[in-house]
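Next, two complexes with chain A in common: one pairs it with chain B, the other with chain C.
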Partner chain A sequence: MIRRAIDKKKSLMIGVLSILVLMGFYSLVSHWQHQKNPDDSTIPTWTQLGQGVQKIIEVNPRSDERWIVVDSKATMSRLFLGLFFGVAGAVVIGLLMGCFTPFEAFLAPPMSLLAKVPPTAALAVFFVLAGTDTRMYVAMISFGVLPTLAQSIYLAVKEVPDETLYKAYTLGASQTELIWNIILRHIMPKMLDAVRLQIGPAMVYLIAAEMVVGDVGFGYRIRLQSRLLNMNVVYPYLAVLAAFGFFMDVLLRRTQHIFFRWYTHGKR
Partner chain B sequence: MTRISLFRFFVFAALVLILPARTVVCEETKTPSFSLAWSEYPSWSTFGVADEVKLIDGEKGKMGPIEKKWNVDIVLKEADYDSCLVMYGASQCDAVCITNMDVLNPCLSRPSMAILPTSTSHGADACLVTEDITDVKQLKMMKVYGLAKTVSEYCFVRNLEILGEKEKDYRFTNMDPSAAALAMQQKKDGFDAIVVWNPYVLETLTKRKDVKVLFDSTSIPGEIIDMVAMSKASLDMPGGQAFACAIIDTFYALVRRMDDPKTADDTLVALGEKFSNLSLASMKEVVKQTQFYKQPDQGITVLTSQNTQDTMKKVVSFCVAHDIVSQPPTLSYGNAEPQKPVMLSFNPMFIEKVKNTP
Partner chain C sequence: MAKDKHQAFKEDIVLECRNLNHWFGPKRVLFNINLKIIRGEIVSLVGPSGCGKSTLLRAIVGTHPPCEGDVMIKPRDSDTARVVTRPGRDRGIVYQQYTLFPFLTARENVAVGLMLDQTSLPFRLFRFQSWRTMKKKHLDEADALLNTLKLGESVNQYPHEMSGGMRQRVAIAQALIMKPSVLLLDEPFGALDEATREELQKMLLTLYGENTRARNEDRTPPYTILIVTHELNEAIYVGDRVVALSQHWDHKDLGLSGHPGATVVYDCMSPVFRPSEAPDFELFRKQREMLRAVAFEARHITDPNEHVQFWQEYDAREGWAGNL
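The block that comes next holds the complex of A and B.
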């Protein structure tokens, strides 16, 4: 029957099974490739992947650093800094647009236009305007996520019921109190949803930029090791990225669930 | 789902699976088809231009006069350089336009043959500095930007060696050459020294009059070789050797167009069209700095000479020392059949065959 519920245990087992199927399929493809060419390094075997992981986590004799440590530090600091400025800017702009019609009239057209510009296509523009250091990565992520996020927040503000606002006014709330105590609290869970959806694109922008100008970071390492055909290093890096994205997603959903039960109540 | 619709579904699925397989079988009975991955670079764009001027047809199933002559279908796959390397390493193409340094890695897992040297860098890779830098020692105090683990870093390190300097005293910092050149052209802080290749060398020198060449690849003549490498497994397939000959024939046919006064300028402009927005005069400078091996005899010499063997020793030791290859590949030179299996052979037999075929 369509949409028939299944118990948690069964759901978990099916989830694990899907991962196992993926791993089995990978093993099969790798086996085929190594039958064709035993020295192949483009679809590494599990043993080769193990060697790659070892290379990532051990101290590199040339640089005296662990790749995964220096790359994670660089990429994560750029990502969080970029997201911080992007989200902060989007909250301010989204609230202004949603609360005050002159701001809405002034900011809505450029925001909807800018939201359509893929930052990866404008990579060279960011180099020109912001240089090639951390400032550029932060600018790229911030400007990449800001327009879409601002629009989501603006729409969320618009969805706050008029009755709630009137009631707050009737009870003597000032404009600032209304924004802080009613609107912001009302839009927070939706904002978390929007931020969650923007983590993926932010990572795309960052990795693309690191591939071109980085001398450290996930994008730099993936490009370099792809060129050297060390796919046993590339795949674990991709797995780390996927795990990070998944972890952030779960974290934000849990945050939403814990702090905004009124919003998530009834949702799965 | 009813029994009849299930039956229809399986029939449809079977057709979907069988039809492409039949297509492959049909194609297999036709002229053999092989692919060449190439990226924009003066001596490699020759294949793209040969496709434009109809010497060959790079589309699968279509053939130009050279392909008909050798009875083989050349499929051209254009991509950026890094993608070409990955494509070749993953056996997604039969031959690739590659440098003598970058070929060392894929040949470890895919035994290859250097069938055609196309050009050598003679000034096309250069260390550009601002005019206040007059001595290489001044670079110790700053970052030198360029693409790490490529011919840029090789050119930099070799020149340091020649100048009696130690590599560990300098900071070569990874950056894509387009970004490094752009940053220097914009006079960004900290971008006083970059190692890039053409067209970025000429573009930067044109746009910033206060920038000069500190050293370039003219000090290491013949060490950076651009060439076409082909998988030995593909060479052993029916039509593989004809493909190698057709590729070589195409290259020399286009070089003749470059030398013919009637078609020289057009060909040069076509070569530079996607490579850069440099003028015809600048393109003439580009092909001086990227010296083509225009004659088959020059190509044969490169693939057999002692000079190349000495060069490759230096290149291999650089690549091992810089973690570019995990182990030194076994190499062989010339026509003689090697005693043991080698990973990369420099073999002039196909150039000789083309040279001797009218």
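The block that comes next holds the complex of A and C.
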């Protein structure tokens, strides 16, 4: 029957099964490829992948550093800084647009225009305006996620029923209290949803920029190793990126479930 | 002595709509609404769909001030009335929907008004210890009120975990804890089943009983309520006065080309019941038929003031004494 619920254990087992199917399929394709060409490195075997992982985590004799450590440090700090400024800016702009009609009239047109510009296409603009250091990555992610996020927050504010606001006024709320105590709390879980959806695009912008101008970071390493056809290094990097994205998503969903029980009820 | 008391009650006008007119562009909605509500009354406001009941309520709440005329409110701690220009804590409101903040539990929903009224945002942010003590006091007050409304078991439930009736009771508690000058109910029981509806109607009668007790003990009646409803039996049952708005009245004598909007066409006392008494629908019949004829039937009445008799009835019965 459509939408019939299944129990948690069953759901988990099906989830694990899907990963196992994926791994099985990969093993099969890799096996076929190595039957055709035993030296193939485009679809590495599990043993080759193990060697790649070892290469990533052990100290590199040339740089005296572990790739995974330096790349993770560079990419994550850029990503978190970019997301932090992007989210902070989007919250302010989204709230202003949703609460005050002059701001809505002033900011809604540029926001909807900017949301249509892919930041990867505007890479050159960011190079010119912010150079090629961390500032550029942060600016790119911030400006990449800000318009869409601000629009999501603006729409969430607009969805707060008028009656809720009138009610708060009759309970003695000032304008600031209305925004802080009522509207912000009302939209917080929706804001987390919007941030969750923006993690993926933010990573795309960052990796793309690192591929073009980076000298460290996931994007840089993937580009370099792809050119050398070292896919046994590229795939683990992609797996780490996927795991990071997945972990962030789970973390935000758990946060939503713990702190906004009123919102998540019936959604799971 | 009784006459003096009667006069004192009569003069304690808590809410007044004075020559109130409202329109939306070319569409005239309300015309020359004059309405005075005495402290301690439960006034039912009825009228056909689209007659402007909700518009009048919004004007009273202060979210949509009238285009012409004034709404005057007398705050609880003052002897002078002031003009309503925006929503304020002296008017509580309960809507049919969106009555509670979904992110707060029942007790937090009831206590939130006290928090907003008695503390400021900087106080809550920077004087955390004092705020914690105060918050506990607010929550205790909320618990006590919820207990009296038989919601003691549900204080920690979120609105989505409560039934419609429980939600409306919490919403009424949320408004009442602020001790507003007037409590406005906008079709509060419209979405509820018959049994829950009856239970909440009895709750309003209990509040009315407290008003009566206060009057008898020379205290200020604590609850003044204006309830908008489309259910005539409910209007007569819970209210001690029924006011009807209608657009079906003859405006030609005024020499106006277009229809000027709805006005008050009926304002009379209604029988008062105790919560323990079952509603006697036969007793309502005459008043219900009159209301239907005056306000709901589209045969235009010539004199809209013909059935506006509350003040004469009030004087004749010396207040509510003859009504009990």
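Operating definition for what follows: the second predicted complex is superposed on the first by the 268 of 268 C-alpha atoms of A that agree within 3 Å, B and C clash if a C-alpha of one lies under 4 Å from a C-alpha of the other, contacts with A are read in each partner's own complex, and residues count from 1 in each chain.
In this section, a contact is a pair of C-beta atoms (placed from the backbone, for glycine too) under 8 Å apart; a residue touches a chain by one contact, two chains touch by 3 or more.
Predicted model, so just to flag it, every value in this text is computed and none were measured.
Once the complexes are laid over each other on chain A, chain B and chain C both fit without any clash.
In the superposition on chain A, A:4 contacts neither chain B nor chain C.
Contacts of A:176 after superposition on the shared chain: chain C is touched, whereas chain B is not. Looking at the shared chain after the overlay, A:186 reaches chain C, while chain B stays out of its contact range. Contacts of A:161 after superposition on the shared chain: chain C is touched, whereas chain B is not. Angle at chain A between chain B and chain C, computed from CA centres in the superposed arrangement: 150 degrees, to the nearest 10. Taking every C-alpha atom of chain B against every C-alpha atom of chain C, the smallest gap after superposition is 40 Å.
Residue ranges on chain A touching chain C, taken from their complex, read 161-164, 166-174, 176-177, 180-182, 185-186, 188, 260-263, 265-266. By the touch criterion stated above, chain A contacts chain B in their complex at residues 36-37, 39-43, 62, 124, 127-128, 131-132, 211-215, 220, 223-224, 226-229.
Against chain A, the residues of chain B that register as touching in their complex are 82, 85-86, 89-91, 102, 105-106, 108-110, 148-149, 173-176, 178-179, 182-183, 186, 188-189, 233, 322-325.
Note for the complex: chain C touches chain A at residues 61-63, 86-89, 91-93, 95, 97-99, 101-103, 112-113, 116-117, 121, 158-161, 174-175, 178, 180.
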